[in-house]
Amino acid sequence: MIALLLILIPLIGGVAAFFIKDEKRVKTWSFVVALAGLAIMSFGLLFAYNPDNKVFVAEWLPQLGSTFALLMDGASAILCLLTVFTYPIIFASTWKSKYASPHIFYGLMLLTQAGLLGVFLAADGLLFYFFWELALIPVYFLCSKWGGEKRIAVTIKFFIYTFIGSLLMLVGLLYLYYQTPDASFSMQSLYEVKLTVQQQAWLFWLFFIAFAIKMPVFPFHTWQPDTYEQAPTAVTMVLSALMVKMGLFAVVRWLIPLFPAGVLMFDNVVIGLSVIGMIYASILAMQQDDIKRLIAYSSIAHIGLMSAALFVNNESGLQGAMIQFFSHGVNVLGMWIVIELIERQFGTRKMSELGGLAQKAPALSILLVIVALANVALPLTNAFIGEFLMFNGLFKFNIWYAAVGGLSIILSAIYTLRMIQKVFYGNTNEVTANAVDISWFEKTSLAVIVVAIFVMGVYPKPVFGLVQETVTMILEIFK
Amino acid sequence: MNLILISALWGVVMMFSGLFIKNRSAAKTIAIVGALVLLVGNLFDLGGKMIISSNFNGMLLYDRFALLFLTVLVLALLIYFLLSGKDIAAVGNHPYEYFALIFFIMSGVGLVALFNNLLILFLGIEIISIPLYILTGADKRNLKSNEAALKYFLMGAFSTGIMLMGIAFLYGATGSFQVDRLNLLDGDNFRIFLIIGIVMIMIAMAFKVSAAPFHFWTPDVYDGAPTVFTSFMATIVKASVFIGFLNLFANGFGGMMDTWKPSIAIIVALTLFIGNVTAVYQQSVKRMLAYSSIAQAGFMLFAVFAINDMSKLGLLLYAAAYCLATIGIFAVLIKMKDYTIDGFNGLAKKEPLVALVLTICLFSLAGIPLTAGFFAKYFVLAAAVKTGTYLWLVIFAVLMAAVSVYYYFRVIQAMYFKEGNGQDIETTPVFKGLLVTVAALIILLGLFPSLLLNWLTLY
Amino acid sequence: MSITEILFWFLSALALGGALMMVTSKNPVYSVLWLIVVFFAISGHYILLNAQFLAIVNIIVYAGAIMVLFLFVIMLMNLNANNEPQKNVWMKIAGAVAGGSLFLVFVAAIRQTEALKIQNVNTGGQTGLIHLLGKVLFTDYVLPFEIASILFLSAMVGAVVIGKKGD
Amino acid sequence: MKSIIDIVYLVPLFPLIGFLINGLGRKSLSKSLSGIIGSGVILASFIVSLLIFNETRAEGFTAVTVDLFEFINVAGLNIPFAFQVDQLSVLFLLIITGVGFLIHVYSTSYMQQEEAHHYARYFSFLNLFIFSMLLLVLGANYLIMFIGWEGVGLCSYLLIGYWFKNTEYNNAARKAFVMNRIGDLGFLIGLFFIIQQFGTLTYTEVFSQASGASVGVLTVITLLLFVGATGKSAQIPLYTWLPDAMAGPTPVSALIHAATMVTAGIYMIARSNILYTLAPVSQTVVAVIGLATAILAATIAIKQNDIKKVLAYSTVSQLGYMFLGLGVGAYTGAVFHVMTHAFFKALLFLGAGSVIHAMHHEQDIRKMGGLVKKLPTTHWTFLVGCIAIAGIPPFSGFFSKDEILVNAYAHNPILYWIGLGGALMTAFYMFRLYAMTFRGSFRGTQEQEHHLQESPWQMTLPLIVLAVLAMIAGFIGMPEIFSADSHLLEHYLAPVFAESTKLSDTHLPDHSTEYLLLGVSIVLIAGSVFYAWNRFSKKPETEDAVGFGKVLANKWYVDELYDAIISKPLNGLGYVFNRYVEKSGIDGLVNGVGKSVQWGGRQLRLLQSGQVGSYILWMVLGILLFFVITITILT
Amino acid sequence: MPINYYIILAVALFSIGVAGVLTRRNAIIIFMCIELMLNAVNLLLVAFSKMHYENVAAYNPFSPVGTDAQLFVFFIMVVAAAEVSVGLAIIVMMYRNIHSVDVNFLNRLKH
């Protein structure tokens, strides 16, 4: 029931938002809706985390053997939590941002949330595909309408790129469907399909390419920096904090359980690509002048680590990856908020044009420094736990992957500190001369993130407990 | 049978009312009434209550699928009349005749859907084609319209020749024109006749559904013909030919798929490729839609390619989705002066509702989930996948679908994201209401295709 | 060589020759006349295959009605002179080659099966006689017959819509 | 058992609280208040540490582990958040909190001219550093140590870049952090090896299983850990950040870059002594690297003219000695030297700070001189420091350094002689520094001269305390030769190094040799001190160095080398990636697909020539094609 | 008379028709060529009807086998007539507008 509510609230709220023309009111409304989602989720986790709340099934397309089935297991729970946690913060931190025809904007944002939650919860192949696309379409409009000057071309590229991927996945899904004994799309019967190794080999790629584009894994990543750069920052937050998790999550819930043999066959390829991606993206991040692009590349690097860890097929790596789902979401969200604040105030994201903010906006700088340090996975921040476990898992898989991938730790320090220095340290210039510090509203939203960062960094136990079931499920498969 | 009779009769009615009623606008009303009557009659068909229930010793075959398909087409016709009836009357000096011709075509559609004898198929197709030549040329002063008509006529006649040659060879092989008897050969030594026959008929049908490499007439004719009639041709007529195609190959040649499956596969691939890739560069929306209709034909051909239970569902759903979306888009397009894509710039600001409906229609054509188009594509692809072979074709098809997104979205981009103040479209509330209904139907089918499909299994 | 065989060869030669002349002759009027010759030859074949009724109909409808209509139109546009500018030669060659190769493909396909050679069509038999055809036409084929009427109706309407002057 | 040790968590907790108060209350707190809070919390934890130390002095006291809460417990790997209290950690507690407290007090006046909220920021950072350092030494497993390890790195980054307006300083800070990160990576991978080998990170469990592990693995582990140590403790090849780190405020240099943080590496190796004892190869590596660093840094120090730079290099070289000690198995000696070094080097830095303070942030010793009269307290405390570091008995430096050298001799005489050479250089450059600063005549500007005055008590008091310590601290580690078990420290630390001492077969040279060595070293050192004192108080070298001296003055051009072989290539690579691989390569491919489709569209539409003839021709060709296909398929 | 001869004759006529369609530019001639193709089909159908009749005539000389083909021919003629009426009407309309029946002038619609 909780699962259903999670999807319904933003869905209805989003549709309703279309009819609230007044800016203030629609902002409040969507903020309230987001909070409602958060409330439901936290209630579910704290008091009602039991099977009949985690599962929901309803009739949908009997002819196709597809039902409206939702399942909230460890991995999806953590991501649902992330989603509902992120949205209020996004709305709060972009409270001051102005958007033309806000009711559409916020409506679409909420619809995106519905789509995302659907993806994280769907326990039926076709339903999953449905939400997979539905999450994309509002984003398409958000980016193309409210984005930067190159938005249209960039967005259509992003859309078609991901669309190709998902269509390939659809073909694979269809093929699987016809292999099921009871001609059903339900997760269980798909899991039970017996496939030969050859079948798994090519089906694996049909699915993986879709997910790899979404994550994105090197070399399918080129849409991502442009899109992040062009999209309005509020949307970029959704994209990089939540949407990339779709791909990772899909790997956990669909790819690995469906094609264990395929995974074992290609784990080296995937991990190899991911590790290359980590280094490659980190080196590129060092070259960027636009903060958004920098974060985009750094996020590619982090995603690379996660995708690698998902394929190492040992508990440490999986646990790390899953806790990192949450941590990365929170941290990168914090980054985007800071960027949003900077861009809104100075109208530029070029590091070369900024500088000396630390004198003018100490609060902002302190919060950024903390978030940035979480981004470089400093101990006692949330990211450290995840990265430690992931690297450990990677190490268990193959020492050299860990060694090479480890270089990204150093590189991340280099580019992150470079960013901090160029933006916040040094002397002010004409752009930043009369900068003002951030309002309490933004301060609180950042503070929430900082708190989350430390709480998870110091006491990650609950999260481990949450994702454990998924991890064991996956390890069972490989037994 | 009701449908064939009524439409023929109503055609006559229209003719004569044209003699007696001078008021042009009445034509639309009469036609709409006719469409309604047609619908009722067809529903009686579905219920098995016919004026003449004989199948003329096996010349017709009333199977539920075909009848339901006809229902969809008649509904499409009704919507078409409602949305564009005024524009039909406005094409030239003979409003009543145009409607009459359309009704005659509907009787041909009925024949093509229900035939069980090659003669009926032949006659049906001719009844569809000959009035279409006229309608194409209906805008007599317009050279483009003339040209389109002549091209269409010449090539159509040529394809008729091909088809007849095919039928002749089939007869030579089997000594019968009955579709269900085409499988039993009169001695195996005639096998070669059968093959020649199949190939030639396949080509003739491919021509009619504008599949590559026999599609060349389509862009020119669709572009040249008066836009209202383009809409009609591209939707109802094309769909009807498809069901003829499907029935013929399912009932007639189902037994010897291996002889024609490769060829159809190639046709599908070519059609998808040429249709989609050529559409990418078009500047005129009308012509782009012509190419897109080729591309869509490529998808519908999957139903013929993979003959199984799924393909019938698929074709049915596809026809519905495709007709709805295309009619909707054309209905708006007709009302515009400037057909170029730039002509759509900023339409969303001027006519938000119309823009929204157009977007939904385009989504449906592109096969985005939540619209009927998705399930349409889903079913036909599923049918192909179910055969277990030719998976490369399916993958190629989805890649092409991705290409199609590009050119469909160009219109959306123009409407929503490009600068410009959209050209003015004279729209009535009724018109808008109808558009919304179309959009609603598309979404509804996109959520619950069973609403339509259940009818196949119902009583 | 029986009389029928001689007739067959003669008619076939006539038909083919006529067809070729029809295609090649510059002047449209000649083409029409050659086409009529072809029709006559084909009617002859019909008689050989004792489809007497069709033979007559062929003469009346085609040679009689249709071709005359053609002639009218041509006269009306006075295209009598060979004023048709030549298509570029490559197009011509391509067309000829395409037609020829089509023929070859057919022949090749048919020649494969030896069995066909022994399928004879001799003279004699009742099939083509009018009473038989009539009976079948108005019983089994009544539906097509009626449909044909609709076809004509629509053709008529169409001709009016297109041909009517003054708009 | 209920004991004071159970509240050990208070030790790091106080500084954390101090950090939070000062950090959050930056705006509101007054300078004096934040100063008091900042130093108060450290004092508090110092007192607690003393109490704990009292417990641990009991004979037969064994290490106690205090579990706080479950930190990471997945994949069969259980890492509790626990503290381990034993002699080693407690000793470091005392050093850190004690010296830390003095330096805090010193800072209260040194940083006076800062604005209030920056002042508070300074103290919060300082507290945070103490907190991390305490975590580092208190942790009961390598992960907690790693947390502190990176934490101190962060604090040093923050404090070096404390004056963030100055780009130079920021670069120095970044350099420090990145270089530490390089080391940390090695450390981390070392941890993974340990996990793989022992399935745990808890010291007690690891060490108990250590003897079971193969030497190869242990060597790899210890070497990787040592990589971490080179980063943190500024050894070759990762030492270059430390001299730059002098950009930070002088008390910071005293606390972090002399007394505490840089000794983390020594602590780590002393902590895992058993592993190193079992891996002789790594021990040798440690010793060699340490000695090399000691010499290299000493040579550079000879030609430096920035007062803090000289001290920085001397720190590097002293750290080198400590590693030499560790390498030759003289763990006690190394720790002993850590302690004494903490005293006198902190003293020297604070003294230098006092000088700089007096000279209005003039750091170049060529512009100083003759400060004896003006800054008496500073002067004699500084002198004590110099004597101590130079290793003249009975000051502390002598004992600790001597212990290391003697053990080195026992291990291999060559090490000893080289080490002695280093010691001579130390004495030389320290007194060069001393002489040029305090002796001779004042070489600064006029107004500098008549602003000169002794610093306030907050600054001089710590100097005096440290000076006393630097003088007497040596006596807790007197060599056995003077009187039996006079080496209190050794007894105190014995339980920690018990295992290693059992294994190691190093027998010290007999007393006669040792006396001889002592004598030699004392004479030589005295000589070099005397020489340096005379020479530089008579004619201080004010002109720039030339010839070989220039090379030394430019630190052997190591920075330039690193820049050439690491930074530049990396940036070049990045440029290539960004410019070509990404844009033209991968993205070019992606866009290329789209472009080719458009191009295809443009070409294909030309088929649509508009000519009926060609259309029909295509149809006929199609017919032929399909005939051929079908018939070929069927035959 | 072997059926092959008839088939080949018919096919030959058909191909000539096709070639004519391809080679000529005059719309009317093209149309006539199409008529020729139809006639070829008619001939073929009649021949086939005869053939099938022969196969059964041996034991049933009065069987109606083959009638359907001849009726089909009849219908083809009907349709052809209809087509001609419409087709010529279109050609005439064309001629009225551009005073030519040359199909090469039909090139306003392309690409």
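The letters A, B, C, D and E name the chains in turn, as written, and every chain counts its residues from 1.
Operating definition for what follows: a contact is a pair of C-beta atoms (placed from the backbone, for glycine too) under 8 Å apart; a residue touches a chain by one contact, two chains touch by 3 or more.
Small disclaimer: the values here were computed from a predicted structure and weren't measured.
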For subunit C and subunit E, chains touching each: B, D
Chain closest to the assembly centre - both centres taken as Cα means: A
Leader among chain pairs (count of C-beta contacts): C-E
Whole-Å gap separating subunit A and subunit B, where each centre is the average of the chain's CA atoms: 43
Between subunit E and subunit D, distance of the C-alpha-averaged centres to the nearest whole Å: 98
Centre distance in Å when subunit B and subunit C are each reduced to the mean of their C-alpha atoms: 32
Subunit A and subunit D: spacing of chain centres that average the CA atoms, whole Å: 37
Multi-partner residues of subunit D (each touching 2 or more other chains): 594, 605, 608, 610, 612-614, 616-617, 620-621, 623, 627, 631
Subunit E, residues touching no fewer than two other chains: 7, 14, 17-18, 21-22, 25, 30-31, 49, 51, 65, 68, 71, 75, 79, 82-83, 86, 90-91, 93, 103-104, 106, 108-110
Sites on subunit A at which at least two other chains make contact: 160
Listing of all chain pairs that touch each other, if any do: A-B, A-D, B-C, B-D, B-E, C-D, C-E, D-E
Partner subunit A, residues of subunit D touching it in the complex: 26, 69-77, 81, 117, 143, 146-147, 149-151, 154, 157, 161, 164-165, 167, 170-171, 173-174, 177-178, 181-182, 184-185, 188-189, 192, 195-196, 570-571, 573-575, 577-578, 581-582, 586-587, 590-591, 594
Footprint of subunit E on subunit C - complex, ascending: 4-5, 8, 12, 15-16, 19-20, 22-23, 28, 31-32, 35, 38-39, 42, 45-46, 49-51, 53-54, 57-58, 61-62, 65-66, 69-70, 73-74, 76-77, 79, 84-87, 91-92, 94-96, 98-100, 102-103, 106-107, 110, 116-122, 125-128, 132-133, 136-137, 140-141, 144, 148, 151-152, 154-156, 158-159, 162-163
Subunit D partner contacts - residues on subunit C that touch it in the complex: 87, 91, 94-95, 98-99, 101-102, 105, 108-109, 112
Residues of subunit B defined as touching subunit C within the complex: 8, 11-12, 15, 56-57, 59-60, 92-94, 97-98, 100-101, 104-105, 107, 111, 119-120, 123-124, 126-127, 130-131, 133-134, 137-138, 140, 149, 187, 189-192, 195-196
Subunit D - residues contacting subunit E, complex: 605-606, 608-613, 616-617, 620
